[in-house]
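Some structures to go through are shown next.
Each of the next two complexes has chain A plus one other chain: chain B in the first, chain C in the second.
And then the complex of A and B:
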């Protein structure tokens, strides 16, 4: 079996995330704790010294540790449908039965912030949590965008809610809003986001120094630690390591023959194993639509932060219309000079997966790009049919050759 | 020089022998449980037809779900790629191959040199496969050959709307109980398969010439109803069932 060079920074990133979880376990009683959705304006809570946790990130962790199916079954026994997002099922399962779940479950929240710019699932999921823990819930309602440019009334609507969120957090936590601190947090957040973009762009090099599964591991801080020094620091290290690879001509997949684009969320329970047959055939996933979701944003304007944040919240990939999404995918395909595209039709995430066939068709209209659609699930491995997927991957690789 | 292609599928094993120019022999047998034995046997049968021995084969390429179980193969290639190659060799104008086998069905788009440019597969549900026909023929106590004939003679077709083989079978039972003519039920069954397959292949651009391959190609009823659905003529060659094996033999000949 061929050996693949390892990225040292990924270990550092994993350590940062371990500390992140340990710190939250230890500090839970000292500081207010909020659960937030992945598309939420975490910078506001960070400014107020509220600790944050991401049940979605925890769901991914359950998937990666292969605990998700067991936890999903706990939720299913409680009546949650198998068709419900497996992040939600894994987390709800761990709420019901924390013993033996990763980290023995998450520390309890004091407040909940749910932003529906990613899906409608989170609304119900957070209602369940609010009910279970009897804690206050703030729903930040972000309307779906039909145009590439956010409509002014939508921007205003979200901006008003951000103001309300600040007031609400003050009231719920008894902490004061500090505009100066907000600027600092936003500056760090901007820096993290731009570093993430630069990291991802290094995949444009031929050969690419980075493969999609590396990005899936590396993305945890951009989701969970945006606006903190740790995130900036660890990404500076990661970027330097990738740049050194580029300078030395080290490829993530030695002898890179094919450059591919990945669409949709990772398959957490087979993170590297899934990519192995591709790597063995010299195929590197040089870019993806998933981790791109955290780099596409423009920097937040420090002089008009709330309006600017509102724009960012509206422009989240899965809050956008089909044509805009297809444009984003086609643009990635072009900029990263890919030879093919693999789409993970992810049973869990309807807002991400529903548009895939049409995106596939739209991208094909613009360029000849061999594509492969694979049906699976990000955490629920019961939806992974190994034989069927293996056959398709083998045929796809022959098609590229 | 002779070259062999062996295609071990879910239900049958196929072998094709080529010399430098043409197809010289072929065989089809039931795959059974022992795939290794089936591969050996089907190749032996093909060799026997032309009085050759295993040593006379310069190279052997294996394909199909059971391809890794074919003894002494020089190489394995997926059936998708082999069907593309084989169909192009049989008819260079082919652009779309619809392969309906015992346990799966596929749509394959090929270019002017027989290279696969796109494909779709259904291996999740039996209702678009040969298995569906078998189950239904059994339920209606007809053999498969007559089953197809009856479907073509039907005056009308009942609608089978279930997308699952098991439920479709109970739907058929309901139609029988309601006194629907047998031919109409059988025609409805064929139409159901054609509908499933047509909807699957619509995910790849269906371009002419369209060729139907795989065991179900021998069933005239499915071919006819697919033509109706796709509004295109469908080419069915006598080699339909061994197209994948021919493709494999062509890869063997390439070296």
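And then the complex of A and C:
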């Protein structure tokens, strides 16, 4: 079996994330703890010294550790249907039965911040959490952006809510808002986001120093630690390692023959195993639409932070109209010079999956791009038909020739 | 055939009619399709259209498969199927309001996939009590108004809008009256009369509905005069009117009358509902004073939310418990559409509240084609249980 070079930085990133969880377990009684969604303006909470945890990230962890199905079943016993989001089911299962769940469950929250710029499911999920823990919930309502540019009344709507969020957090936590600290946090956040963009762009090199599963592991800090020094530091290390690979001509997939694009959320329970047959055939996923979601935005304008932040929240990839998203995918395909695309039709994620066929069609209008569409689920391995998927991957690789 | 049978049979015909035949049936009106219970019907009506809800059918041509994965709810797949089969080409447009992710995805791909009829999209706040929800919604409605003015090439006046509001308020009042006599109607008749409100011009529906209610009233009076219990109106419920379990139905919209037929066959009656397109939709009138657009915005924010929306003070479980107790319901039937996320979560919250209040409930999962046998067995067993 071929050997693939390992990225040392991923170990460092995993250590940072372990510390992140340990720290939150230890500090949960000393500082207010918020659960937040992956598209939420965490910088506001970071400014207030509020600790944050991401149930979605925890869902991914449950998937990666193959605990998700068992936890989903706990939620299903309570009546949550098997066709609901497996992040939500995994996390709700762990809330109900923390013993034996990864990290023995997350520490309890004191407040909840739900931003619906990624899906409607989070709204229901956070209502469940607010009821369960009897803690205050702030719903940050970000309208779907149906035009390439955000509309003024939508920007105003979100900006007004961001102001209300600051006042609400002050009230709920008894902590004061510090504009100067906010600038510092935003500057760090901007730096993290731009580092993440630079890291991803290194995949443009031929051969690519990085493969999509590496990015799926590496993405945790961009989601969970935006606006902190640890994120900046660990990504500087990651970027340096990838640049060294480029300088030394080290490929993530030695003998890179095909360059591919991945669409949709990762399949957490088969993170590397899924990609193995591709790697063995010399195919590297040099870019993806999933981790790109945290790098596409423009930096937040420090002189008009709330309005600028509102625009960023509206322009999250999954909140954009189909044609704009297809444009982003086509742009990635072009810039990264890919030979094909693999789309994961993910049972759990309707905003990502329901428009995939037409995104593919829209991309095809701009370029020839062999595409493989596979149905599976990000955490619920019961949706993974190994035999069928293996055969389709083999056929796809054969077709790439 | 009595007058009420006649009207119900008209409603039933319309429920079963293909939209291909709509214009022939109502030649004086211009149909415009809509999907989701938050589309402001009055605005479309004031612009000269008759809003018709795109209720899903059982049949599918399979064209939607090329666009939407199998884990998309049938409500959304059916709408696309019908559009791609050409059934909707007589519609002036199809209006979407932002509710769930699936309807959102459909609205998103519609312009690319369905050349005709065109999509009209209304964004909506999801947090109905958000600090700026009102001005945001108002701006959206204003935007829609301007879009409709462009399309029709004529001004959409406040006066026209007020008239449309009054007409729709009349429908609301009539449907509220229908629910008042719901326990006297066989469940399928309630379903048919309710559904017709979404399928035909209000100008035609209102007088028929008023007639139907008058007839029912006359029956009740007759029953009272004879010393019978009007709640077991002999005309509609047959002779055995004792201990017919009183049920509440919860779910999205119910295009398929099967569940109501099964309930009636099993000896139950439906006394109320928490359907997205049911009692909640008609519960409140739109204000008829002040600015009409403002009144529409106010109304949207004040309605009992569907599970796609959030309002910390308007809790659905509290509302359901109130309704169940006011309607003296014996049990609740959840009709959940498979792959519907918002109702999938909502069901758990509601059933937890019902359990605490000791209200029995049953979950029935709806797919493209209902499993009638299975549904019948489960509903019968449930009614036996709560009847005992």
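Please note the rule applied: the second predicted complex is superposed on the first by the 401 of 401 C-alpha atoms of A that agree within 3 Å, B and C clash if a C-alpha of one lies under 4 Å from a C-alpha of the other, contacts with A are read in each partner's own complex, and residues count from 1 in each chain.
Simple rule for what comes next: a residue touches a chain if its C-beta (ideal position, glycine included) is under 8 Å from a C-beta of that chain, and two chains touch if they have at least 3 such contacts.
Source: prediction; values computed, not measured.
Enquirer: Scan A:84 for contacts with chain B and chain C and give back first, second, both or neither.
Expert: It touches chain C, and chain B stays clear.
Enquirer: For A:37, select first, second, both or neither according to whether it touches chain B, chain C, the two together, or no partner.
Expert: neither
Enquirer: One more residue to check, A:371. First (chain B), second (chain C), both or neither?
Expert: first
Enquirer: Per the contact definition in the header, classify A:388: touching chain B only (first), chain C only (second), both, or neither.
Expert: A:388 sits against chain B, while chain C stays out of touch.
Enquirer: For A:173, decide between first (touching chain B), second (touching chain C), both and neither.
Expert: neither
Enquirer: Using the superposition on chain A described above, determine whether A:357 touches chain B (first), chain C (second), both, or neither.
Expert: In the superposition, A:357 touches chain B and chain C alike.
Enquirer: Once the shared chain is lined up, is A:398 touching chain B (first), chain C (second), both, or neither of them?
Expert: Only chain B is touched by A:398; chain C is not.
Enquirer: Where does A:153 make contact in the superposed view: on chain B (first), on chain C (second), on both, or on neither?
Expert: second
Enquirer: Shared contact residues on chain A for chain B and chain C?
Expert: Overlap of chain B and chain C footprints on chain A: residues 357, 375.
Enquirer: Mind listing the chain B positions that touch chain A in their complex?
Expert: Touch list, chain B to chain A: 65, 77-81, 115-121, 123-124, 203.
Enquirer: Across the complex, what residues on chain A touch chain B?
Expert: It comes out as residues 357, 368, 370-371, 373, 375, 385, 387-388, 391-392, 394-395, 398-399.
Enquirer: Quick check on the complex: what are the chain C residues that touch chain A?
Expert: Touching chain A from chain C are residues 66-72, 98, 100-102, 104-106, 108-109, 112-113, 121, 123-127, 130-133, 135-136, 139-140, 143, 307-308, 310, 312, 336, 338-339, 341-342, 344-349, 351, 363, 365.
Enquirer: Would you pull the chain A residues touching chain C in the complex into a rising list?
Expert: The contact residues of chain A facing chain C are 78-81, 83-85, 88, 116, 119-121, 123-125, 127-128, 131, 137, 139-141, 143-144, 146, 153-154, 156-157, 160-161, 163-164, 321-323, 345, 347, 350-351, 353-358, 361-362, 375.
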